[in-house]
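Quick notes on the structure that follows.
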Amino acid sequence: MGINLLKAGDNVLEFFLLKSSVCRTSSNNKKYLDLTLVDKTGEVNGKYWDCKTEEVETFQAHQLVKVQGVVQEWQQRLQLKINKIRIALPEDNVSISDFIPTASEDPQAMYKVIWRFIHEMTNEDIKKIVAKMVKSKEEQLMFYPAAKENHHAIIGGLLYHIKTMLLAGEKLAEIYGGINKDLLYAGIILHDLSKTDEMKAGPIGLITEYTVEGQLLGHIIQGVREIDQTAKEVGADSEVSLLLQHMVLAHHYVPEYGSPKRPMIPEGELLHYLDMIDARMYDMGKVLANTAPGELSDRVWTLDNRKLYRAHLESKKESSPEE
Amino acid sequence: MGINLLKAGDNVLEFFLLKSSVCRTSSNNKKYLDLTLVDKTGEVNGKYWDCKTEEVETFQAHQLVKVQGVVQEWQQRLQLKINKIRIALPEDNVSISDFIPTASEDPQAMYKVIWRFIHEMTNEDIKKIVAKMVKSKEEQLMFYPAAKENHHAIIGGLLYHIKTMLLAGEKLAEIYGGINKDLLYAGIILHDLSKTDEMKAGPIGLITEYTVEGQLLGHIIQGVREIDQTAKEVGADSEVSLLLQHMVLAHHYVPEYGSPKRPMIPEGELLHYLDMIDARMYDMGKVLANTAPGELSDRVWTLDNRKLYRAHLESKKESSPEE
Amino acid sequence: MGINLLKAGDNVLEFFLLKSSVCRTSSNNKKYLDLTLVDKTGEVNGKYWDCKTEEVETFQAHQLVKVQGVVQEWQQRLQLKINKIRIALPEDNVSISDFIPTASEDPQAMYKVIWRFIHEMTNEDIKKIVAKMVKSKEEQLMFYPAAKENHHAIIGGLLYHIKTMLLAGEKLAEIYGGINKDLLYAGIILHDLSKTDEMKAGPIGLITEYTVEGQLLGHIIQGVREIDQTAKEVGADSEVSLLLQHMVLAHHYVPEYGSPKRPMIPEGELLHYLDMIDARMYDMGKVLANTAPGELSDRVWTLDNRKLYRAHLESKKESSPEE
Amino acid sequence: MGINLLKAGDNVLEFFLLKSSVCRTSSNNKKYLDLTLVDKTGEVNGKYWDCKTEEVETFQAHQLVKVQGVVQEWQQRLQLKINKIRIALPEDNVSISDFIPTASEDPQAMYKVIWRFIHEMTNEDIKKIVAKMVKSKEEQLMFYPAAKENHHAIIGGLLYHIKTMLLAGEKLAEIYGGINKDLLYAGIILHDLSKTDEMKAGPIGLITEYTVEGQLLGHIIQGVREIDQTAKEVGADSEVSLLLQHMVLAHHYVPEYGSPKRPMIPEGELLHYLDMIDARMYDMGKVLANTAPGELSDRVWTLDNRKLYRAHLESKKESSPEE
Amino acid sequence: MGINLLKAGDNVLEFFLLKSSVCRTSSNNKKYLDLTLVDKTGEVNGKYWDCKTEEVETFQAHQLVKVQGVVQEWQQRLQLKINKIRIALPEDNVSISDFIPTASEDPQAMYKVIWRFIHEMTNEDIKKIVAKMVKSKEEQLMFYPAAKENHHAIIGGLLYHIKTMLLAGEKLAEIYGGINKDLLYAGIILHDLSKTDEMKAGPIGLITEYTVEGQLLGHIIQGVREIDQTAKEVGADSEVSLLLQHMVLAHHYVPEYGSPKRPMIPEGELLHYLDMIDARMYDMGKVLANTAPGELSDRVWTLDNRKLYRAHLESKKESSPEE
Amino acid sequence: MGINLLKAGDNVLEFFLLKSSVCRTSSNNKKYLDLTLVDKTGEVNGKYWDCKTEEVETFQAHQLVKVQGVVQEWQQRLQLKINKIRIALPEDNVSISDFIPTASEDPQAMYKVIWRFIHEMTNEDIKKIVAKMVKSKEEQLMFYPAAKENHHAIIGGLLYHIKTMLLAGEKLAEIYGGINKDLLYAGIILHDLSKTDEMKAGPIGLITEYTVEGQLLGHIIQGVREIDQTAKEVGADSEVSLLLQHMVLAHHYVPEYGSPKRPMIPEGELLHYLDMIDARMYDMGKVLANTAPGELSDRVWTLDNRKLYRAHLESKKESSPEE
């Protein structure tokens, strides 16, 4: 039974992933473990009372555990009172990837899509810069999310975000023929790549914190520097390097969101809107999936605090072009 | 020779369209005609001195004229000193459409594209509302521009704007499968339709002024009202009517630009970005067409006062899907 | 004894109105009712422990109940620990209107004031539009508040707000003679009328939630549409209809508060200020009534987070002209 | 014939007031007088060529002159080419007050209205402070305008502004009975009184410049200081003094317009709105008087750059209560 | 052991200062004291259960007490469960100044630095005004903090802030030779002096609340008034008085922070930046003292919600010029 | 006679520097040179009529010329009607540096001050980075201004700005002992160094335009990249490099002015304020030097559109520490 279906009074005997684990002391001076348990459907707080010292060592974040307990309500939130807990064993046949939200496509498949776009580039300088930077981030791309809390905060989310934007960009470039496709695709691939330097993602693919360099400079500036460096290393034309740096610098569009310059080339303008569309379609889809037809959602912080409305109108879904 | 190629000292013997014509009195008490002459490439001021009373009557705005004169520079701007001027005659074989900037496609052809999208709609209520509103604006759609000064301020510009957004929307709906296509296409077709009630366009397809109703309400509110009315007339489902009204109301996205509500459905969100992309690609293309490779343009007011950069990189143009 | 006078330790045996009632489960797995009890003086939280299933059914929101219990302090707030609770009986001789805050005047009397102003209108078109719209809302006007949380959030508050603004508008029209009184009075009467479509008010006259249409359009747009429709139905002059729509559209004055246009006629300008004055005098009066002379109030959210000061100066109250 | 009726080609023989007079040198090294001529209906630029040195001395600002000349158009503005000019003589029987816009009521009569309100005050401290401050400004009140360019920029405009606000405040205090009338009337009388210290008004009642103190402090701060000082001199209660200072300090309502504090008493809140209403009704009336029915005005800078609309609807004017 | 070192489970037998003391009633109807205990290192909440009526009288805010209890964790915060408590006795040899954070220098010594600057002033008017105002605040300067929560919220903090700014101003006046030192030093000394009228500081030097006058006017306006008054009393030149008033009025630089005017003299401009530098260096130093090398701090509200970074680089501290 | 002293009617026979030279055609089809003539005191427009083709070639921007002509007034501005003009000859003994505004100190002397600070740095990594970057810009530092229009827009202005900030920073580091001097001095030296890459300065030391890279990235981003690159080349510690990049990135303080991050270390905070103080003291000094005692200046665009006031108070000037 998924965490999102738990209700007060339920007896639980399930596997969960520990997202965090802290040992605390109660007001009557007893030690207990204050746990955050997750599965693909959500997360719930758990209390394991009267824990022993060795248990504190054992039950660390990112461990898979089996838990027996009962669901209670405390201050209007659900909480799992844990009676028994143990580390998952090989014979349990459970794996971390069963417990954390993951992009709906295989990372390797998405990674190949990106390379298809790189291979099709006709400007050799752009191709070399992008190829070199993507290769250097290959390992992180297999699991990094696209953001800490907002859109695509899932395993492989960054890759999924890039891949979808490429497909959308390919479509719009058919309509707006004056666009330089090499520039557009390069901008899409590179725009958020330095998030892997700005944030630290633990083995379970969720951002745990920002790096010091990420805090003092930010992924936009880190990205600009890295393009500059890479372009010099591959001996690229200076205008090509400048245009790519400019696109990354400008893709947040306004200073308040980190872009000191607005796009001064059409490919940069389009990059910004493709980024917005992809983030918003993802976030809205996620919210509406949890909203009943005819109902309004709660206010959503990542959507400028808007409520969304799920219409009764039947959605005519079309299969995505990749499927 | 196009107006954009004139330089001081040139002798001119050409046809032009009069965009405006005002009779003024000089400091030595002589009457003269102060004219704005246009062709497809630009506009230039002209002075016709010592004009007679009957000439003031004859040379009105929107007339085609033949002019003989010389180009001079006055206060760093070019000016045409007109020696002779007459109304164009049938045997001159010139027509207004040769003198004013026009969308690159035939209005009837673009109008058919819109109807293709209407015919493909599966929700009968949406189809009825859109069909009725489009029919009622058919005449204006043949020549209305999409704006007074910004993007698509050309004959047939509104139709061109709608058509291009539909094609782009069709593409993105392939990528973002959860989108209701009927809603999206309806929103695109209706979003600016009431500009024909907000502004007055003269026979030459350029906005001359706002209507009183346009000033006191604005095309967004006018559009919402008209959808409400039309939906009642065709007996449409109330949610369908509400969703279409909401999309038009929210398509400018922020209150400062006239939308009291932000989009609360994904189709409304996408409508906003398609609108922005189409306007920006048009405006940027127009500016860059007049900018030399390696140069920066002047600041462009309609692009938030940005300069644009025309790269040396060869643009790989692709033919548009309609061609 | 009113709720505002309760203090920790008091034994209570009183009638209250249930504003809300939720069944919860405690950490030791016992069911209890978590109640909000109100009377005219305020509200207090109540806990009724170990409730039976049939009691959960019985004690629903908007019921009048008799309660026996004791007042306790928990986390610095008062709470009523309920020992006994029963539904009020006919022989108890209590009615809902004794338990909820109500405008200080009889709805019927206030409604008559509005009709006096309508009857005095000399422009027949304005009179017909206003009369038709007021009649169609007569039922709701008898109990709707003027807002969900801010000013006049009391039974009949909307009617009270309109009536007071009419009296104030009548006075100012004596000073500013150029004002068209018909327009001004019509604007006052119509400006918030569509709040009855934007929000749902339960039988006890308090707003419980927004309607979907209210969320997607808002009462300003709803009002504009309705005037447009009504004017067509009564065959009114188109300028009259336009002016009334404009006044409603512009009465919040700035886009951030929902008005895409600012008032472009003096009657619209005056409407805005009369609305502000009436809301502010009401809110300030309410805050100062609970502030001791020489003291500052807490920060008041509905007053831009200001504190108010209650002066020692004796207030020279004058009787209102209606009394 | 009033200046507002002049058109190119008119021959003029009229008296005017010189608002400004500057001697300039033309490009062919000839001296000429560059004059601003005003009457009650407007102002026009005039050029008097080949002026003699003694004429430069003679024709100074604020002189009444008789002028013979012809109206010409230069750079789309009208200009008066002056052939003859002389100082007005006693026997011409013209006076400055015939040539400058003046409040529609006699200063002495308006001044008496203010004293009626002072005499009716029941709080002796408030009465003493207000009486002392008004007496000390009596001379300036006879001619000061209420602003440099905005509302009431006419002779006696400050007095007219105060008087009208008092009458309106008196009306609203009947509706909002909790208002302390003494405070409200005192706030109205004092709120702009220090404009006489902030700006210099020449003998013709138009603001010519700001004082150094006005620039470095501003009339709001100057007013607060003066109330503080006056209250000490008359031995007033300290709370009375504080409340009056606070009302003046807060009457512009927001920091960007010079009020570091928002009103914290209802009388201060009402003062702000009365000030806004009076300024706006004046400015709007002035604009609409020059706008034809069914037309929109130009954008008006002092009205947040709005256009106004003059409706066809017949205005039902009422006589003002003072008449 | 300092409060900052307490951890759950510790047994405590220490002296503390009571910052606040409130008697509350628990859910089982028992009275208890809810205390805030402070020492120089921090503060902690304490609960003293089953207190007697006379104890409520005894243990008031600002008392020094000796406490025996145990540290517990409740809702993730530490809390002191108090078993025994008594008032500190003379023989305990503890004094309030041992328990509250204090400026690192002796108030009398800092006060002398201020007088050194006053004595060196060459403009007699400025010297007289400053000397009179400083003398009148001598008592408060011995303990007032510079702010309620932000920078220098310590005993003697206001004096420390003034003194450090004077020393920094003296240095910069060497670099920027055009600065009038008398004006600059006077501005520094006077700029925040009226905080002693705006806020009430209890005997332990911490701001407990704002005065009514402080709320209705604010220390900037209070300061301007007092300079005006003092200048008149000492017969100072009116420009001198105006310049000092202007400097105090403008020192917050922008309207949103309380300055209706920006500095219009260089000394006022420099005063603003010296104020900012001194506040920021103090706040940043305090945050970094609690941050480990290589770590980021939490977000700091008084620093525009920034995080700070403590570098590994060894700080090369220099002794301050006064030491 | 300096340009600032010219008045209409003056006969002129002087040397000037040509800042710009454009050949135009008059309305009667005659060619003329439209010149901007400068000396150290200001600039004036000049017209040289009926110029020959070879003269157009000869009189180019940045040439020194000798001119004979007469000063006229045209549209209220002075203009020099040139009768004779020739290129300055060696025997005229005039040099460009006599005609353009220059920093008051010798570039070589200021450059030495900078090296004194570099030599005193104790952190070898910081010293190496700064030394390498300064050496690479040595040539440009000899003449670059600090800005295009604002502060220090004079020959050598950038060097003067850096030098003065270093001296001020040295002083404040004595007061605020916790500051790391190496970091602070490095930040000061590097903060604007990339302006030499952002803008092009002609041989006469005035910015003529921005570079393409300057427009697409800006000097802040260019500076960050260059520090990154240089630090790698000299093998500096990565934290040192990061801190310097962060200081440059953050020195404009707010996103709207180009800094995506605010300073997160005290040295960065201080750098920002030293930059502001130096720019403001320079600009204010320049404005007040042209303002009479007791007068207000015009509004100054670079000072947020403020007017300044020049006090009567005698300025007690001190010699600067370097003199």
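Labels A, B, C, D, E and F are assigned to the chains in the order they are written; within every chain, residues are numbered from 1.
Methods note: a residue touches a chain if its C-beta (ideal position, glycine included) is under 8 Å from a C-beta of that chain, and two chains touch if they have at least 3 such contacts.
This structure is a prediction, so every number in the text was calculated from the model and none was measured.
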Ask   = What chains, if any, are shared contacts of chain D and chain E?
value = C, F
Inquiry  = The D-E interface: which of A-F, E-F or A-B repeats it, judged by over half of the contact pairs being the same residue numbers?
reply    = A-F
Note = chain B to chain E, mean C-alpha position gap in Å, rounds to 62
Request  = Report, in whole Å, the distance between the mean C-alpha point of chain C and the mean C-alpha point of chain D.
outcome  = 41
Key: Touching two or more other chains - residues of chain A   = 212, 215-216, 243, 246, 264, 296, 307, 309
Ask   = If each chain is a node and each touching pair an edge, is that a line, ring, star, complete or other?
value = other
Inquiry  = On the basis of the stated criterion, which chains touch which? Give every pair.
reply    = A-B, A-C, A-E, A-F, B-C, B-D, B-F, C-D, C-E, D-E, D-F, E-F
Contact footprint of chain A on chain F as seen in their complex = 212-213, 215-218, 220-221, 224-225, 228-229, 242-243, 245-246, 249, 255-256, 258-261, 264
Query = In their shared complex, at which residues does chain B touch chain D?
reply = 24-27, 29, 210, 212, 215-216
Residues on chain F engaged by chain E in the complex (per definition of touch) = 122-123, 164, 167-168, 171-183, 239-240, 243, 246, 262-266, 269-270, 273, 276-277, 280-281, 284-285, 288, 296, 304, 306-309, 311-313, 315-321
Key: chain E residues touching chain A - in the complex, by the definition given at the top   = 8-9, 70, 72-74, 76, 79, 81, 294, 296, 307, 309
